[in-house]
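Next, two complexes with subunit A in common: one pairs it with subunit B, the other with subunit C.
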Partner chain A sequence: MIRYIIRRLLQTVLVLFLVMTLVFVILRVVGDPAKMMVTPDSSYEDLQNIRRILGLDQPIWKQYLNYLSDVLRGDFGSSYYFERPVIDLLKERLPATLKLGFISLAVSLPLALLFGVISAIKRNSLLDNAVTTFVVMGRSIPTFWFASLMVLIFSVQLKWLPASGYGETRQLIMPVIAMSSGMGASVTRLTRSAMLDVMRQDYITTARAKGAAETKVIIKHGLHNALLAVVTFVALQIGYMFAGSVVVESIFAIPGIGRLIVTAIKGYDFPLIQASTLIFALIFSIINCVADLCYTLIDPRISFRINK
Partner chain B sequence: MKNVWKTISRSTRTAKFGLVVMALWIIVAVLAPVIAPYDINDIDIAQRLAPPAWEKKGTIEHVLGTDQLGRDVLTRLIYGSRISLIVGIVAGAVGMVIGVVLGLIAGYFGGAVDAIISRMIDVMLAFPFIFLAMLLVAALGSSLGNVIIVLGITGWVPYARTIRAQVLSVKEKEFVKAANAIGCRDLRIIFKQILPSVVDSAIILGTMDVGTNILAEASLTFLGLGIPPSIATWGNMIANGRDYIFNAGWLTTIPGIALLIGCLSINFVGDWLRDVRDPRLRGVD
Partner chain C sequence: MDTLLEVKNLKTYFYTPDKREIPAVDDVSFKVNRGETLCIVGESGCGKSVTSLSIMRLVATPPGKYVSGQILFEGKNLLTMSTKEIRKLRCKEIAMIFQEPMTALNPVHKIGAQIEEALIINERIDKKTASEKTVELLRMVGVPDPARCANSYPHQLSGGMRQRAMIAMAFSCEPKLLLADEPTTALDVTIQAQILDLIQTLKEQHGMTVVFVTHDLGIVADIAQRVIVMYAGRVIEDASCSELFRNPLHPYTRGLLNCIPRIDDDREELDTIEGQVPTPANFPTGCRFHPRCPKAMEICKCIAPQSVDVGNHVVACHLYAEESNNSVE
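Here is the complex of A and B:
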């Protein structure tokens, strides 16, 4: 088991390294931040000067080696735009994104599993139809429009909730709903179909025939097996949910990394783009890692194979 | 052709709805200059921010109202349908071609090629594609063509993953082994023997991908990293509506409803195709 975990961690490091390289290469090949920093009447020398100060005049492999050695020493450079160390900016902005993400997760995941299971068991009931409708809508509504629509209804028309901002609990309600609806819909859908598959299996009939209580059949025999299909998928969805913070934070003016990344990309702020995309990739990878470990815990066949 | 009608007539109600909407969508997009009530950039200063016809101050002249410059919302909506459709289909096709080819190669050859492609898939999955898309659009410059290219080259992952997995199992079938035994070249086996048995999945994924791309384009555009504001797209209309959300809600709701109905229809059709042709794909998107 330990060996499996170590191998999995090494894989994660490799993927993060590749992401880092990919972002670095894309930025160097196609963008030029120096052009964003000069005024129209600056001379070519000014441009070259800025490039030299930013270290962009060096050959790309040299820049890359410098970047790598800096990152390994924990130095992510300074933001061009904010003129502050990137690491400080991330420290300031990360809590808001994580808070929003984890609240959304805590709200939507249990509900999604619960409704997925209920709607599979009570197939074609009123509740199932309602759930299915929600799921279908959830997949087709763009988050940014859904968020705007909520603002229109709850802030403009009904005046119940503040349209944007961060700090009060009331201000978190709409962002959390916007952030979690997409993931909630996909997870509900998959849980439902996984449960429908599982509940048709022979071992469920056997469990019932033995006289096991129906709740026990559903939870222990049904859900436990359905979860196998759900776990890996959920991990991906959680990742996408975090990615959604880009849109949600922009709409509700939340000072998180998602909004930071949009500013950084629009301003060709290389150090900031590199660091903040790396943070997102890290969040993504941690979630996937945890999911894989959960998977081995849920599925005894896999942990058996690993331990052997 | 007769078969197609037969399949459609037996389809679910939601699928029929989806097909009708998609057909209408295509007709509207093609005939946009003919059916749009105004010219795309006609400005009616006197009628700025006129509400839709069903509201108190609305007029029949501008059925869906006008924006802050007095441009007719219905007209822009009709022209916007072209952009969504083009982006969705062309980007989907680009992603499909790249993904299917990579999936076929990875699955068929295995070994080092497979390892490289699989790592590429891992990287793409470890990195929310919207960031990559934002980065690329920012770097290449925002234009319709660039958005299509970017969504195409970031959208290949689901195809490659699914096709690779299917090739792995098809490869072991007798007809492939037989082709191998009689000395067919690899390329022939890949395209003549294996491709036909995975093409269904590719088309189903492709249908769903059209919807995904349309939403992605709208999101990118909304964030200001997609199609420039001078072009009427549904994403731009919603982004523009945000500035007037307190007094002109229709600028936000109307293009959003179009987007919702459009994607809903595509998903309905995609789900139906999947259920009919390949139930194994359930839950892959």
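Here is the complex of A and C:
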């Protein structure tokens, strides 16, 4: 178990390293922040001057080595735009993103499992059809459109909820719905199909033949097996959900990393982009790590030793 | 003799999404006496598994439906019972063993936990007593290291061990009736013999009644007191085991018995029954065996034969309908 975790951690470090390198190289290829900082009437010398101050005049491999050694010492540099240490910005912004993410997760996951199971058990019923309709909508409507629509209806027309902002519980309602709809829909659909598959298995008949009550058959024998398929999928979906925070935070003006990253990309703010993508990569890796551990707990056929 | 189970004119049909009717079990009747072993024989798709699942009320409804008929267990009709009542009978009075021990055990729970569950539900005992009794049961069904087996997951055991565990589970509450749905089909021959012996021993020690579903006539000859032969959802012959093997009446039964090589055989090639078993979705009209029957007559194509009793030996074939009519006259 401990060996497995150590192994996974090493893999995570490798993934983070690759993400860092890739982002670093791509950034150097796509644009020049110095050009964003000069006014139209500046001279070429001004431009070179800014480049020198930012360290962008050095060869790329040298920049990269500097960056790596800084990161290893815990120094992520300062934001060009905010002119503050990146680490401070992240510390400020991370709580909002995590809070939004975890509330969305806590709302959508139980509901998705519940409705997935019910609609599999009551297959082709009115409820199942209603659930399926919502699933199709949730999966196919883009988040930015759905979020704007909600603002239009509930804030502009009905004036029930504030259109944007962060701090009050009321201000979280629409962002949470926008964040969780896509994931909730996907997980519902997978749970439904996994349950349909599992409930046809022989061991379900065996459980019924034992005299077990139907709810017990569904949860203990059915859902437990259906979860095997769902867990891995949920982990990936959580990753996508955090990626979706970029859109949701921008629309609802939530001071989280998602919005920070948009600002950073707009301004070619290299240190900030590098650090925030790293944070997203870290969140994604941790979630996948946790999912793998859950998987081994749920399915006895997968043991830690396979990975030796 | 005392009748434990009587199935009367049972019709279990299935309905496809486009509302087509599939008569998987069509007007099946038979009786099982207390302490007897009844074998249900037939090819794949003849309705023998659905018959046994119907007795446990385990046919999924929908798509299945118990269209009509009665299943009387100790005089009570199982088909009209509430779900709660039937649940009380399951395992405690009527238990079942399935064909595939590989898939019939839940892959994510330990063997011990699965057997304990049956005990806890039906005997209302606490977990500790249940786990002690589980080890005892596993020892009784001949598992060499019962404590370790109880602590294993299904994928860690061999097919034979898994089937023993299934038997231990089915036997946990000492049921009066054991339904065994091809319990040895998925096992190799030596393990088959051991499992059959085990079922026989348990049956004799505890006076259990067994309904054994199989397509293996060798097993039938070995364990059955009575045999019913099913074809395409119907019972076509019902007789005592010795009578059936000595004097098979229905052309299908004769065909089946001819397919088996004898030890003193000098045939170069084994006999076969021409044609294919019809699928339940399109059973032929009249006698469902007529397209394959060597003795088919005109009447067989349109009218389904009634069961006739020719002296403790029931057969559903027009050949004998005439005979009995004549003898009545």
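List of remarks:
The definition used in the following text is that the second predicted complex is superposed on the first by the 303 of 308 C-alpha atoms of A that agree within 3 Å, B and C clash if a C-alpha of one lies under 4 Å from a C-alpha of the other, contacts with A are read in each partner's own complex, and residues count from 1 in each chain.
To be clear about the criterion, contacts are C-beta pairs under 8 Å (C-beta built on N, C-alpha and C of every residue); 3 or more make two chains touch, one makes a residue touch a chain.
Everything quoted here is computed from the prediction, not taken from an experiment.
Annotation: superposed three-chain arrangement on subunit A; subunit B versus subunit C shows no clash, the two fitting side by side. Of the two partner chains placed around the shared chain by superposition, subunit C is the only one that A:211 touches, whereas subunit B remains out of contact. Between the C-alpha centres of subunit B and subunit C, as seen from that of subunit A in the superposed arrangement, lies an angle of 80 degrees, given as a multiple of 10. In the superposed pair of complexes, A:201 makes contact with subunit C only, with no contact to subunit B. Measured by the number of subunit A residues touched, the leading partner among subunit B and subunit C is B.
Using the contact criterion defined above for the overlaid structures, shared-chain residue A:224 touches subunit C, although it does not reach subunit B. By the touch criterion defined above, A:140 reaches subunit B but does not reach subunit C.
In the superposition on chain A, A:273 contacts subunit B only, with no contact to subunit C.
Once chain A of one complex is fitted onto chain A of the other, the partner contacts of A:300 are limited to subunit C, with no touch recorded for subunit B.
Minimum Cα-Cα distance between subunit B and subunit C in the superposed model: 13 Å. Taken together, the two complexes place no residue of subunit A in contact with both subunit B and subunit C. Considering their complex, residues 11, 14-16, 18-19, 22-23, 26-27, 29-31, 136-137, 139-145, 148-149, 151-152, 156-157, 163, 189-190, 193-194, 229, 233, 236, 239-240, 242-243, 246-247, 250-251, 261-262, 265-266, 268, 273, 277, 280-281, 284-285, 288 of subunit A touch subunit B. Subunit B contributes residues 119, 122-123, 125-128, 130-132, 134-136, 138-140, 211, 215, 218-219, 222-225, 238, 241-242, 245-246, 249, 252-253, 256, 259-260, 263-264, 267-268, 282-283 to its touches with subunit A in the complex. Of all the residues in subunit A, the ones that touch subunit C in their complex are 201-203, 205-214, 221, 224-225, 228, 298-301. Against subunit A, the residues of subunit C that register as touching in their complex are 53, 56, 58, 83, 87-92, 95-96, 98, 100, 103-110, 114, 117-118, 121-122, 153, 155, 166, 169-170.
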